[in-house]
Amino acid sequence: MKRSWWKGLVVPAALIVAAEIAMRLSNTTSMSLAAPSDILAALLRALFDGSMLVATRDTLASAGAGLLLGGLLGLLLGMIFGLIPIVNRLMEVTVEAIRPIPSVAVLPIAMLVFGFGYSMEIAIVAFSCLWPVMILTRAAMAGIEPRLIEVARALRLSTTQRIAKIVLPAALPRIMVAVRLAAAIALVVAVTVEIAANPLGLGYGILVAQQGLQPDLMLAYLVWIGVVGWSLNATLAFAEKRLFGRAAQVEAAGA
Amino acid sequence: MKWSRLLSLLASFLVTALFVLAWKLVADYKLVSPVFLPGPDRAWTSLVRGFTTGDLGVKFLATVERMFWGWLIASLIGVALGAAIGTSPKLRAYLAPMLEFLRPLPASATIPVAIAVLGLSDGMVLAVIAFGALWPVLLATIHGFAAVEPRLYEVGRALRLSRATVIAKIALPSASPDILAGMRLGLTVALILSVVCEMIAGRDGLGNWILLAARSFRAPDLYAGVILLGLLGYFTAIAIGLLEARLLVWRSRAR
Amino acid sequence: MNTSNDAAIVFDRVSLAYGGRPIISDLSLDVGRGEIVCIIGPSGCGKTTALRMAGGLVRPLDGTVRVLGEPLTEPRRDVAIVFQDYGKALLPWRTAAANVSLALEAAGTPRSERPERIRTLLAKVGLASHEDKYPTEMSGGMQQRIQIARCLAQDPAVLLMDEPFGALDAMTRQGLQDEMLSIVAETGATVFFVTHDLEEAVYLGDRVIGLLPNPGRIGIDLKVDLPRPRDQLETREMPEFLRLRRTLFDFIEKAEA
């Protein structure tokens, strides 16, 4: 693995070089494509004049706020459903009726209620993040070693103590997996909402570049969105590994 | 089905009915402006009217068709490509890092690029859906084929099975749980992208319909569309669940 | 070694190394037709590797392996391998019957003849009423029986068994040992049986060969003169059995030291 890391770079590098040569040879000013060198130049320009950084901030802020909101709600609901079986059974049909609604379908509703801006985007992101976090938290609750619950009962811990000292720590590695999944979803949904309707952030940036017939800037945005998505994922994966180490991987594999 | 299970489902349905009733009361007493929240009765009337006198059925079918073809193309390419990459450690070494980098890229971010290259056409929409739904299928298939028990390949060698037979009788069935999980995820992505593309590119379909309804403040139509999308999501999930249950009997019968 | 022509398996000055480390060095060994030869030895002596070479799964670096008189370059269908890890060697998505069927499909047995043969084979290994069960629904002993049935479906002239009963409990193991012996007596197949259980080796074998480690080579070659059919109680109480066991025990102790 260590010895052959360069192999992963061969194909992308070859593709980039091929694209560069093809664009240079054809020597046309395309309205839809741009040479990699031009894309890089556009990327650097947009980064240094601050426009792309502002867009990144807007997107990440909306995605983060939505993730926080939806994640906390999902965590709460997941804990309630996971710890109190009767509530889980009573809510089954309701949950299964709302959950399959595609996240973007609530976009027009959010638009109607909030108009354009941060709040509608946050609301949609929150709706999208709620479900995976809820379901994985519920599963995490169900997956807690019953012996631990018995220990808590034997020690006569109060309900809050039981949740704080036994339930949450025991379920934490799996909840962390849910958060990582939800974070990826949050970014995807935020960008999607921006492209589809909301005039802010990276998604809007790429749309404007396309409509302004600036293929280099448009593709620069695409590359940048990829970089942001990858970094977010890598950071969370790293944090997960640092925080829980091998335990997290074992738990995730068992989940 | 056991009686207790039936009973709990019934109770769960009642709870859902109570929620719908609460929705109706909130709407009737105008606790929330009817501009945002029409009652369930009005949404239902709108849904029925849309199907009987309007062209909601046509739009519904347009979305279903888009989603299905995009998903099918993605599944075929994803499984074929995934099988090739998954069975070859060499290809994996060269391609996996690039695929991992591209994975978190929001598929919707490719829409502006697709519009720039292919224009506002149905072909563009299909390309975006297929591209977006390809990733979950491709990555799951690669994983499935890479994770085939090496001992089974030895059994294949000992029985002198041909390469095609080994793939058909050993590798493919072994990878099928992963492939189906990827296809399930791909279907969700396909539905979301169908709706988003319809919204952005103005193609006829449910996505465009609910967006127009929101823009002209026809809230009952909007909710009718959202309900329809929820139903679509629900039934596609059920359909693929049935497919899984049928193809993976051996998994559910494990003791 | 001039018996090679009518021997079932011949290792002729075979050597193998992985990444420069010798695994087996200059191994010569004949297994006669219809003979049951048990291979024992401490871990790292290359006994499983030798079996894999006899199965054509691994090719020697030097020397040749001949099976039924022909040099072996790849697996053959009349040489069946029973793996130790039955859980991994069975197709979990196929029922017991369909797992056995895989070998018949490989051999191109006409579809119409398969059900009858599968029924016979499963009955032979004591799984008559379990045809439609999936491996995961069965106990370890039953799963290993499926694998044996699949190997018998190959009509093997040679059975290569790699610690096939190592993961089973004592009772199941004894039952399967006796079943294997009676099946082999019936078919006249040659058996190459790798085990780490010395008593099992003496109980099953016509010959027991002990390998020495680092690199693998022959350390001891014992003829087992015990009457057949063997019996779990009587055979194991015979003085000759005890003597052979003692000899092998001493050999292993020295080999591991």
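Just so it is clear, A, B and C label the chains in written order, and each chain counts residues from 1 on its own.
The rule we apply is simple: contacts are C-beta pairs under 8 Å (C-beta built on N, C-alpha and C of every residue); 3 or more make two chains touch, one makes a residue touch a chain.
Chain labels with UniProt names: A = ABC transporter permease subunit; B = ABC transporter permease; C = ABC transporter ATP-binding protein.
Quick caveat, the model's predicted, so the values are computed rather than measured.
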Longest centre-to-centre distance from subunit A, chain (CA-based): C
Chain pair that, of all pairs, has the most C-beta pairs in contact: A-B
Per-chain CA centroid nearest to the all-protein CA mean: B
Mean-CA-position distance for subunit C and subunit B (Å): 49
Centre-to-centre distance between subunit C and subunit A (centres being mean Cα positions), rounded to whole Å: 53
Whole-Å gap between the CA centroids of subunit A and subunit B: 18
Complex contacts: residues of subunit B adjacent to subunit C: 149, 151-152, 154-155, 157-161, 165, 169-170, 173-174, 176, 248-251, 253-255
Residues of subunit B that touch subunit A when the two form their complex: 8-9, 11-13, 15-16, 19, 35-36, 93-98, 101-113, 115-117, 188, 191-192, 195-196, 199-200, 207, 210-211, 213-215, 217, 219, 222-223, 225-226, 229-234, 237
Subunit B-touching residues of subunit C, taken from the complex the two chains share: 55-57, 74-77, 79-81, 83, 85, 88-89, 91-94, 102-103, 105-107, 134, 136-137, 154
Touching residues on subunit A, where the partner in the complex is subunit B: 4-5, 7-12, 31-33, 89-94, 96-98, 100-109, 111-113, 184, 187-188, 191-192, 195-197, 202-203, 206-207, 209-210, 215, 218-219, 221-222, 225-226, 229-230, 232-233
